[in-house]
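Structure below; questions to follow.
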């Protein structure tokens, strides 16, 4: 096997996707922000009132997904047809679970778009709560599933 | 305690930092990309040849740090005076350890800049190796230490 | 009726447009910058010489239209096939009338692109003339007409 | 009087602000989205549930303020120290009133940042409600007041 | 002949490409950074160790190609399917030769994307070596060849 | 001598400028677009009418200067206090001469900002005239002079 983003001499390149057929691509990614239980309580309380912590994180995640090719050097620009970011509190962590779903009819996968949405949504949560809890950890960011494309469907173990 | 990014009515806002003194701020953040040992071997081999996997991830992390206020809704635009991203393989994970250091003489902290650099460097590694290993996990992204500012120095437990 | 950008729980989302057919979409938007007659005279005089006030506003509007999905959280990225911005003085306002036309063969409408072009062109005029007239008003920004798409053609009353 | 953004030959230029002293600059801008009363009811109802319409518009306005110099050709890049966007329903319009306040300690005014925040917040409201009401009008965008700088304080008539 | 980016009245516009058929477009551009022989030696030595000078320039060129429509006012946004940047030392200049290849299946040419990649890669080399050699010159940036589109294939004289 | 953008191990880094004093920095850069005499005649004729070719190139150059740190990986974000782009026809080339002047009171030089303004202005000219002349060459982009900073003043040979 060889890393597809390196050419024969090892130099970075954008993979040529022009010969690939346009199919429906869906990718789901997930991640977690672990925090102190008191922090989670504050975030959830803020959310109950006007929703701006989780609302801002969702908006930030969606906007970041659209800018993935600006951030990740070898990602292709593409016309995302849908991005959805969901954030749920989980007292057992304690913390917040972030899930993003990206969809495209096109010639490249949208895994990076879903992962970028999750990462930036998590960072936004960190930013908004950091004044009360600098020890939060953004963790377990992973692809949950993808469908479409030549490599076919994929699902993370246990997902 | 109250989340500083929410006003009294719960609406999101940028915190007013105009009354803060300009001091030297340094923040160090870290994170990890876990991967199969075969993937790590490929990345390290690519690196030995021309360095483009880790080189691209370092560049992507530095560039992302400079765009933090474009990505995180309530972050202040600022004039970063230094960003450094270091990436080291760790066979025990197995995977790569990413560390970013951001520095500013200014009125706001640079924690989000360091965390954004780490996150985007990790995502870039994922992107470049995903064709051989979709099961990689970006994890344990956290602030290691910060210095400067009214809230003073801070260091993560065990760091 | 329901706001299409909110899901059943009220959370913001990008509408999924992947099932829509690609058709030709055209949107025309308009707006006005009202100003003192002396200001209008200065702008028109500048324009007669080298055209940079209106030229800069046209360029700014066109460039902004291309970045609509970067600015408006739930807008889809798309490949605009044409944007045109026209600016005409109107002594009766007194002020300038700005009209933008956006065109796409695609699965989403381009109303927001036309409206964003008008808004940023108006703001650019304000910026270039504000040293002589802070009381200018950007007003009456509206969709004039749209064609294409499932919802069919639409034309503003009286347009 | 002469337009400060044109040089003696009429060519557009960024005004040189390097000789100006750094002072505290505050600008307040306002604008309105007029809509059918049924649309306003839907937006307010959405807001009561989870706040995402107005929350998204506030976030979009804040983020746009930070990108003003990317959008308006001759605006200086600057380090905004605070941006606040407030949105209130007004049944008498009927519609929504948007107000933005921008603050900087620096050598340039922040009028354009406040006006850009208002404009993009209004456009975001339009976007999120346009499926039920294409006839909304974004109107009456104006500077309400500014303070700081050599030209001193300014307040709109009647404001 | 008439400049296609000006309308009948001389105003700048984006050319309407909606009626053009989607075909495979390839453009190759090239350019040169001339420098003192000692500077070239330092760059090549840096490259032999870890490759970051040329690696960073390649990444910067690729990322800039993806943002061409953000930089060049009348360029269409498009979904580049491949960008490749190659940099070779040439002791006879002395300096570095930069070549970029851009590819798209679409309705517009990708000449500007290839030229932008070359320009920004050259500027990045200048930036990284300027502390030792301010007299470097970025020169001879030109289109080498293009294929596809209604105007057919084109090749620079002597290329 | 050593390339300042590489650390001891050869990895790319942003140079730490936090210990440098803020002084006035001015950089002047220049470049040329060579073209067929008929192309120059068309551009100049367009300019006589409404100025949009050269006006658009000036605006594009100014806007690009403000985004230099987004394009060049290791450039520091900074608050440019002035950018000026001048474009003059030169029948002897034949072609256009582009000059950019950037100014900052700060801790880093603005050479890259001036060079980026020149490069993007030249590319914009190429874009607007390429339909009639694909053989244009962007050439001789160089720093003309710089002042301010620890390394002091510098002037190109013969400038």
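Going by the order they are written in, the chains are A, B, C, D, E and F; count residues from 1 in each one.
Note that in this section contacts are C-beta pairs under 8 Å (C-beta built on N, C-alpha and C of every residue); 3 or more make two chains touch, one makes a residue touch a chain.
These figures come from a predicted structure and were not determined experimentally.
When the partners of chain B are compared with those of chain D, the chains appearing in both lists are A, F. Taking the mean of C-alpha positions as each chain's centre, the chain lying farthest from the centre of chain D is E. Chain pair B-D has a twin interface among B-E, E-F or D-F; that twin, with over half of the contact pairs alike by residue number, is D-F.
Of all residue numbers used at the contact between chain A and chain E, under half are used by both chains, marking a mostly different-residue interface. Chain pairs B-F and C-F differ in how many C-beta pairs are in contact, and the one with more is B-F. At the far end from chain C, in terms of centres built from Cα atoms, lies B. Inter-chain spacing, taken between the CA centroids of chain B and chain C, is 37 Å.
Distance from the chain C centre to the chain E centre is 31 Å, each centre being the mean of its Cα atoms.
Inter-chain centre distance (chain A to chain B, centres taken as mean C-alpha positions): 16 Å.
Residue positions 11-12, 50-52, 55-56, 58-60, 63, 67, 70, 73-74, 77-79 of chain B each touch two or more of the other chains.
Here the chains touching each other pair up as A-B, A-C, A-D, A-E, B-D, B-E, B-F, C-D, C-E, C-F, D-F, E-F. Note for the complex: chain B touches chain A at residues 1-6, 9-12, 31, 38, 42-43, 46, 49-53, 55-56, 59-60, 63-64, 67, 70-75, 111-112, 115-116, 119-120, 122-124, 126-132, 134-143, 146, 151, 154, 156-157.
Residues 7, 11-18, 69-70, 73-74, 76-79, 106-107 of chain F touch chain B in their complex. Remark: chain B residues 50-52, 55-56, 58-60, 63 touch chain E in the complex.
Across the interface of their complex, chain F is touched by residues 24, 55, 58-59, 62-63, 66-67, 77-84, 86, 103-105 of chain B.
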